[in-house]
Amino acid sequence: MTDLAETPVVRSAWVITAKERRTLLVSVLIFIAASLVPLVFGGYVLQVMISIVMYTAFATSWLLFSGPTNYIALCTAAFFGIGMYVTAGGIDLMPYPALIALSGVAGAALAAIVGLATLRVSGVYFVIFSLGLAELVRQIMTWGQHVFGTMSGLYVTIDRSEPMYYWQLLLATAVIFLVGWGIGRSRLGFALRIIGNDEVVAVHCGINTARAKVVLFIISSTFASMIGALVAPRWGYVEPVVAFNPFLSFQVVIMALLGGTHRLWGPLLGVIPFTLMWELISIEFPDQTTLLLGVSFLLIVYVIPNGITGLIEDAWQRHGKIGGSIQGPLQRALVTSSGTLKSLLQRGKSGNA
Amino acid sequence: MDIVIIGLLLGGTYALMAMGLQLQYGVARIMNLANGEILIAGAFGAFWFFAGTKASPLLSLLFVVPLAFVLNYAIYLVLILPLVRRAKSQGKLEVDSILATFGLSFIFIGIMVAAFGAQYTDYAYLSEPIFIFGERYGLNRVVAFLASGALCAGLYVWLYMTRAGLALRAVSVNPSAAGLVSINVIRTSALAFALGGAVTAAGGVLLSMYLTFDASYGVVFTLKALIIVILGGVGDIRGTIVASFILGLAETAVATLIDPGLTLAAAYVLFMIVLLVRPEGLFGRRTA
Amino acid sequence: MPEATATEALAAAGVTKRFGGLVAVENMTFALAQKEVLGLIGPNGSGKTTMMNLISGALHPSSGDIRLYGNPIAGIGASRVANMGVARTFQLVRMLPAMTVLENVAAGGVFGHARRWGKELEDYAHALLKRVGLPNVGGAPVATLTYIDQKRVELARALASDPKVLLLDEWLAGLNPTELRIGIALIEQLRTEGCTIIIVEHVMHAIRSLCDRCIVMNSGAKIAEGTPADVLADHGVIRAYLGDADA
């Protein structure tokens, strides 16, 4: 379960606690620092930074859906590819900003179809459906191009500088974070927490659980498509096999899991080490990338199931600071039951300040 | 007409890999995303045997099946059992086992690429024609179909006429109740998982006789097996067989009449229909 | 079969539920008036909880009709039934384990029949907690509460949606004598405030003191209907509970 924000959700959207103000301030500072990067670095370092920002955007938007629902979405590449193709296909017909928006719409449409079909039944079916989605879209695209006689590759001839890509992606990431934070404070976020605690109760409280999940999935996928639109000019040449490469989906999942799916900034903590490590692996062991991808999955599932944020928070707890938020995992709640109710209320009060 | 025959031949061979997954998901309750890679491993086993000895690939079943059984048993004990033990709910176990088997599938792909290379592989065996109703079909397809039928029949007999098979079916219906009648659920699940892997690998051997494959093609088979199992109904053997034929027919029809590159699309259309119309599958049990 | 009138809070007509070959509820027909407290009793396995599940929307009837103030609610799904104004508690208390008491109560008041948010929701949840006798535990995690207190939270959660009909499914089960007195007093209080309630219970003295009317089920069918005193003296009812020797 993800607490997309740590606020007591019964508050109004315009009430921000002191703790939240701190978090916001830190985030703004990080954002400003990050935006200065292209002014200081160039060349290879900037390229790596662009990768990091792009994957952070992907992984965080992945988290928006897969965090609260615990449904592992394996279809990021499908939406990314759609965004690329909408942009590449329309580049001579429409202004670029319109194409970015259109990519979002296309992604949302596909997400709506997939969501409505799969999210009303068990989550496993969704995962399976998402597994082959990129491949499916690719097959249909390739067939479509055969039928309509277009070439299989499309050129996107917009000129942008590297720093420009970086800033665009950084802005996209910031927007995704803001949306995630906003969802956490909203009725939708509350509904998702309830669903994550007990879906039967959620339904009897009047929550249309399927619709909540579909809305989340649409939001998450729209972002993925728009990132595709942002990145298309950088690739220059868009081809089905490359645009719909499933490995993108799998890497995004690993990074998010590595970082931890219980906090909005979790994926960021996974993206940075993984991107750096992957750069190294691509250089040193280019033929073993698949094998090492598999090993990473296993390491995460068996050794760090709660990700890096899980490790950090466990360390915090062991050092005596029980985090201010009462709404932590059930284990933490049970651990404190040795105290009296009164001391609990005191801790509760300070947590909900 | 030949669409029907080819479709049925294909479906019959798909039945084995679907049965394998049915055993793993329906009984052991593990969503094994490495299922396709086991199939490919079986295919490579047959290829290697045939390339080396020039004898019938069917003989490779003799070593592929036991090897796959042992390998999958080991996988269950080493990888799956710790997840079963630590999972606090069926939902958490499903997520964990999906991720773990997913990672495993990549490891398998990596190993197979290292061992056999990444190129497309096929071999010519029994590719001479056989005539059915006046049309020519590959003898290899027919033989694969017959072998698959024999294996499926054997599996069916085992499941319905032996005590061990009964235990398996009991666990698939209700694991906690099965435990209460002193069935060792863990051991039965491990057996089911291992048997599922063996059956899938056998399917790989048979499919290799006429399909072209490469080390990374497994995921497509995993998807098809999953769709077949879901279409037929999780936990129902008859359903799996019927659904295999339906998929084989649908795929062949689409490949012949529309485009051979849309086979996955055909499978997904079936998937969508199942999800929208009858999520429990053809023979599945609806829960209230 | 009388048509449901819009003044009856709840009207069930010919409701039947089959699970394969088992008929869990058979041809149940009854009406619940506004502000009435109706008791639904019967031996174990008589179909009472299934009937509750059919009303709350957790199950779809195999046949028959259920109407809430004249609006059909059978088979539309539990979340829509909740939106229309039916709230319930569960036989085994269902808390939201990783959330605080206040959030548990608030959960009932956001998406259901009553929709509140923000400060209004928070104040309302506090007021409800006071009403059920838990004035000071809003910030505590629910796992730390005693069983009776968790039941109170669940009741508050159900009340948070301003329900038109409240379903209490064996709400008094598992309570010791002291807690039982508190629990009965609480429901009595709701009754005086004018709530419309269906109670499924085994605690007979609670049924006698709380219910205006009673329906007895056995093997899925209605075997008696009337005031608690009449119904509990009925020979058929006694035979259903205790067997022929005591009738």
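In order of appearance the chains are A, B and C, and numbering begins at 1 in each one.
Here is the rule we use: a contact is a pair of C-beta atoms (placed from the backbone, for glycine too) under 8 Å apart; a residue touches a chain by one contact, two chains touch by 3 or more.
Just so you know, these numbers come straight off a predicted model, no measurement behind them.
Q: Would you identify the chain whose Cα-based centre sits farthest away from the centre of chain B?
A: Measuring from the centre of chain B, the most distant chain centre belongs to C.
Q: Of the chains shown, whose Cα mean is nearest the mean of all protein Cα atoms?
A: Going by the distance between chain centres and the overall C-alpha centre, it is A.
Q: Averaging only over C-alpha atoms, locate the centres of chain B and chain C and give their separation in whole Å.
A: Centres of chain B and chain C (C-alpha means) sit 48 Å apart.
Q: Return the distance between the CA-based centres of chain A and chain B, expressed in whole Å.
A: So the centroids are 33 Å from each other.
Q: Approximately how many whole Å separate the CA-defined centres of chain A and chain C?
A: 41
Q: For chain B, give me the residues that contact two or more of the other chains.
A: In chain B, nothing touches at least two other chains.
Q: Identify all positions of chain C at which a residue touches two or more other chains, and write them in rising order.
A: 58 - these are the residues of chain C that touch more than one other chain.
Q: Touching chain A in the complex: which residues of chain C?
A: 56, 58, 77-80, 82-83, 87-88, 90, 94-100, 102-103, 106-108, 110-113, 117-119, 121-122, 125, 136-144, 157, 161
Q: Over in the complex, which chain A residues touch chain B? Could you list them?
A: Within the complex, chain A contacts chain B at residues 70, 72, 117-118, 120-121, 123-125, 127-129, 131-132, 135-136, 139-140, 142-143, 146, 246, 250, 257, 287-288, 290-298, 300-302, 305.
Q: Applying the document's contact rule, which stretches of chain A touch chain C when the two form their complex?
A: The contact residues of chain A facing chain C are 1, 8-13, 15, 187, 190-191, 193-194, 196-198, 200-209, 326-330, 333-334, 336-337, 341, 344-345, 348-349, 351-352.
Q: Please give the residue numbers of chain B that touch chain A in the complex, ascending.
A: Chain B residues touching chain A: 31, 33, 79, 82-83, 91-92, 94-96, 98-100, 102-111, 113-114, 216, 219-220, 222-223, 226-227, 230, 259, 261-262, 264-265, 267-268, 271-272, 275-276, 279.
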